[in-house]
């Protein structure tokens, strides 16, 4: 049931889209300001919509949900005065538009429920792979869903739980869901955080003054001047109130399978993952890429902005000078007029422009983080050749993306993924470049810190998008007809 | 939990406010246009917000809910294209602001629920007097409420029903609620209407082409060119689909107690009630008022616009010329700047102006439909005297309003009602007029067609606001401390 | 040159439209609030747009111009804080859309000009009949026009004047313009008002506390609690500052020719004109109409709202009961969705509904103020007959409107005026009613106070729309091909 | 006179602000789309507001002016349909807020004037240094100014010219103005471009299909797929119509003095100036800076984004690795909530974050393009030290900015410029860094292509902001009390 139109969808830049970022804070004087800043720092994880819930003894729970960017919705004093309180949580989302129809404001998190012992709100990063069957069962028993979101299941499971307090109910609810989840939740007096047993999505703990913070990434701690304490561990639940942080592990233990693509693209380069800056990891990936796939050329240029750290690494390793051969327009918005016939290839030109005078006559290595459908790569190649480049060599800082993600990332259907239907050579032909090379899966593991590469018996990361090996069977999708990888593939 | 601010509340005109109007249509090509027009005709029953739900085989259920007037929200082609389909229902609401805090868009009807056999939407005019205890019980069992509205109980009771189709579930749900309800509801293929056993609020059936219409009043049939078929009877439920209208009576039979204030003020003068135009009934009330309370004067002037028909009746009966002594500004909005000190009594002047040259030196009879708190009456009296009137006589077309309504009308707390704490003579003193007279309860009954006046053993109408005799005990309010009338009063 | 779209044009109700209302105030603490209230009271003179200019020693001249109603644009504290000061003027306008294309915000008055001795702003009600030739000449000499408005000529003529102060320059400018003008203007310290020599449009002077007010009508004095001092006389200019009101008569004297249609329709019924309330004048017109055009019938019904006072007069004179046979929807907006095929005659139904139960079987006299193109009259007749009326008799409170107005009223081209091409009997046939009668021009003069009717050698009013006798030759229009009345007509 | 509020001013990033970008096109089917794209590419030259004027034979001149970014205002099909035509010009502006009060929409260019031979519109990049005295004289003679903009003088001078066609009038007008101007203008059939005799601001000519383009920079040609033809020469005027481009030189010849700061900061790195990409020039500046001011360190980091090309050059010259030590938030908006006490140094953190894990313990060279007031530099230094850097060395890619610009750049008053009151060593102390070095003026001249450095007898560029040597005396400012550099300085 559609009720309101979200803004038009962004310019297609052929990237995988992280679906969410979460943030929570307790023990500060003005939670909503902290949350707005934290969500602003996490905006790269979701640009479609955002929401904040706070609690204040006088006004009770306060909620605001809006389509659009944090900077446009959560910055006026008037607005912030409507969400007062010293505790709160927030969420930014990117939706899987197209497949399920357009998002309504009802689908924007956090979700709120009133229980007999009081209210609670939750915000979820990840994806529940058995959401459809849970939803069917809950409706059968009389629950009324307000959204199309998989995350709403959690709050209904909590409502039906016999648990005597909200953390107990949340535990019980989360034990029934499958898939990936990094959740922040709140009651009137408690901030709660929890990661699924595999720890697919990130969640970190910080300290600001006497208060505590939970956030998807450390960059959201930096912006509010909070200290990074530690990562929440896979399978851990923390309950934070005035007396401090209590931790326990309610799920059956499992080996960690953190999403390797967070290192490649999703996380911000200034965030820390596994004790290292994401920027350095990406520079390492570029170095590894240069070792595996050298080529003689005049310039190493990134496809901005996501290819930049790997391009710097490639340049440092190869000794070929780094240069900004493609310039990004910082004022790019989400929509633009349809190009007329006179103006071709407008899409990419709105955002990127080739540094024509620099590129002319040069042999150029273009470093990008990934190739999904190849649409943008083709256009960039055309722009570069049109500017007079002598040769174009693509170097990609991740292995071929051949499988969809079911753990909270918006991926095209498998048949739309270039690498699902073409070999590397066919892709090179399709893109029309002089050479095209991807980093190997082993190379990527080495770059992120696994000195011996990928241990195929027990991989340290979730790399399903590259390998097709799904650590949790996507049961809704299998029911819907999705074919898992067979031994032959 | 507040999520969005409704527009500021209207200029206080010291009137009771009907809380809702409902409309439904089936079997037309373009349901949303019909609903928008019908709601526009019912706008006097609720100006705060409106909502429409339709169903279309292609897009499924479509919903739009907005603060403000129908003319401002449901008129653009773009908007209407988002709520396509040949069946739908709509609702306009006036809220009880202040007592429970501000309305959120979540409180705007129709409410929608997805059940195992498909979705349903309902819109409700009236008030459920046991809503709080129902709500408590439903939350205890795991239902999650999205609004603060009493009407949401109905949809949750339906969700938990074991009934095999939606009309059965609706019957079961409505048997559990107490109070006043005129409900329109819809499934993908059926339009449903139902009135509570006492028939407190109106609901009529109309026919337009091959389709059918349900509406709070006949004026909503006129605007779309529909024929008035009949009133839905107290306690009747009708289920309408392609094969026609099926009627049954699911509740224990009871004597009808239609709201007598619908005749006095709520309904539009061009609507028909009980086989007569509301305008003629009000003219009758004016005639009866003149018979009971004659006075020598130069002019009979209405307090516009609601006092107009009774003033015409008073003039016709008394022979004293009718004149427009007070002129209403047709461009009045809902808010205006705060008056500065230099400008006193601004509120009423924004809306009404005395025809000074006409009034000067005259003995004026002012006819109004009711006196609630007396705030506006005092200001009007001051304006009239300031313009140089020789005498001011108030004549009121209803008995003193001394008790709150619990059946879907927004009334002040009892102690704010002028007639709850003052005698007629004290009120005259308080208002500072030369005379003040109300029609008697018997006179009112005669004017609405009961030739013998009120039968106190079995009154034909709900007149609780005048008599304090409540046909359904308001159980939530009693639990909350409300004192029913004692034998002594 | 179009720059911004005004809101869509209002529902056609087949009325002539006054093009403007003006208001000015000096010597108060908070001029903008007074102006907003005054313009709100004058909203019937122009609903398309409004503007306010104030002056404050600290911020200088401040201006705000907006499309839409005063209540929607000039009511928030934030907005009003942007136009501070103790002196200011305002304007509401209705535009002549269609003929000249759509209004831009640049066309919304007041107009402002910076001169060597300081700034001035003016607002104009009326029409300058030699504006095109003035404009041509000014452009030739290097003036740059910012609007398409005839009124902008005045400010350019002032800019080029050699006068040493602004009142002198305004005098010089106004001596060069022909046509109708009631102007309010302001400098940093002075409020100025002026009427053209014939006094075609109204302008009144009021006193509020120690301050002074100029307004198109007395109803705008009432709303701010100002006392009505007197009308500005035809050909008079008043200059008001801290020391009081100075009056002089800069133009060649001429016999007064006030617009008689102000009495019939334009002015608000609660305003005073010529020492009498407009309401009483209209009641008189109704009485005169009844004397000239009696008919046997059951009910006298007004076409609301403008026909109401004349209908009351007709009823009082004829003894036939007055009744509200047609009810007006108070929530009517300016636009609505296009009716689908299933819904016919939607336009008028959005605004008016017949009181079907009242009208059925009755012989009805419908009283309206005027017939312009006859479009609405036909629809009303159909509604009345559709409701089962036995007979329909139209009585019109003005003579046939057969000529366009060139003095500040929006009239259709001559060939669109029903009375320009049809006799009274042909009009009756065209409208399809049992009888149709207009008041005579003599009858109208008697009703407005000329006991002997119209003195054709020297008429006391401008009645060009009825008589075709234009007191000022419309030179631009004649150049454009307009045919004045010939001796034969 | 203020009429409308522009959006709040951007986050202060301590940069000089270019005040304008201009664009014009003729001979295409859909000029407004081209202009919107061109202005989007020029958005870095002005973010406060933008405007477009087009001409179409049917609708005449069409204009749209808006506060905010091109992407937010000029992208909907509805909007663009209101500015049809095959010829048009556009403008983006950054205003000098604070000094003269807030910009009104009336101040947004292009400006339009109706002359006796037809209309013309102009858009101006630069600043007229005798605007105040011209304005005074024009008002004295009866011109009415609509804006506070210096550029409006040009259109009034044109209106008063006796020239028989618009190019002649424009020539005559421009001969009377002093200062810097790159102007694009249009009539119904001609596109006109003109640069002041010194050529202070850029203007280039391009060809797209059969049409022609004028733009501030070549990046605006690239976005629409136009070919770069040549730069308009200092003192040249081109008039373009269906028959092609006609060029002449109406001013007294002078030696070119192009703004050297366009190379340092204003122009986009992918634009071409003087036959070379601006990016390469900036890389050169970085190399020159490294030669002049070497230092031993671990990393060369840019202050993003404007310091990036010079930092790459510094790294390439010095051999010290380049790294992204500071990460920019791409979702930064123009405003954000006021930081609470708990959150310090919020301003810069909203936009920039230090890559803490990378920086810790390192000796860091920070390369920035300029230091104006030093406010941001101090905050960045604090962030870097707070993250644990061992040493911080600032290297600045321009000489100390010690003088204000009067040729179209928004500069603080002289006393606010850090370099106007402090020596290099005092600045180092003030910023609290280990070392601070600026490139020399000679070094900068070498980097931009003058192998022998600056010829002080006849400098090839305008470098007044560094040297205090103004090529055109700023007469308005001198009248206002500005002290030119004396021989002693």
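By written order: A, B, C and D. Residues from 1 in each chain.
Going forward, a contact is a pair of C-beta atoms (placed from the backbone, for glycine too) under 8 Å apart; a residue touches a chain by one contact, two chains touch by 3 or more.
Computed from a prediction, not measured in an experiment: that's the story for all the values here.
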Please identify each chain that touches chain B as well as chain C. none
Taking the mean of the C-alpha atoms as each chain's centre, how many Å separate chain C from chain D? 50
Compute the distance, rounded to whole Å, between the mean C-alpha positions of chain A and chain C. 62
Based only on mean CA positions, could you tell me how far chain A sits from chain D in angstrom? 37
When you check chain D against every other chain, which residues touch at least two of them? none
Topology of the chain contact graph, where touching chains are joined (line, ring, star, complete, other): ring
Chain B partner contacts - residues on chain C that touch it in the complex: 28-30, 33-34, 36-37, 40-41, 43-44, 47, 69-72, 74-77, 80, 208-209, 219, 222-225, 268-270, 272, 275-277, 279-280, 283, 305, 308-309, 312, 316, 321-324, 327, 329-340, 342-346, 349-350, 353-358
Seen from chain D, its contact residues with chain C in the complex are 1-5, 53, 59-65, 82, 112-116, 119, 136, 139-146, 155-156, 159-161
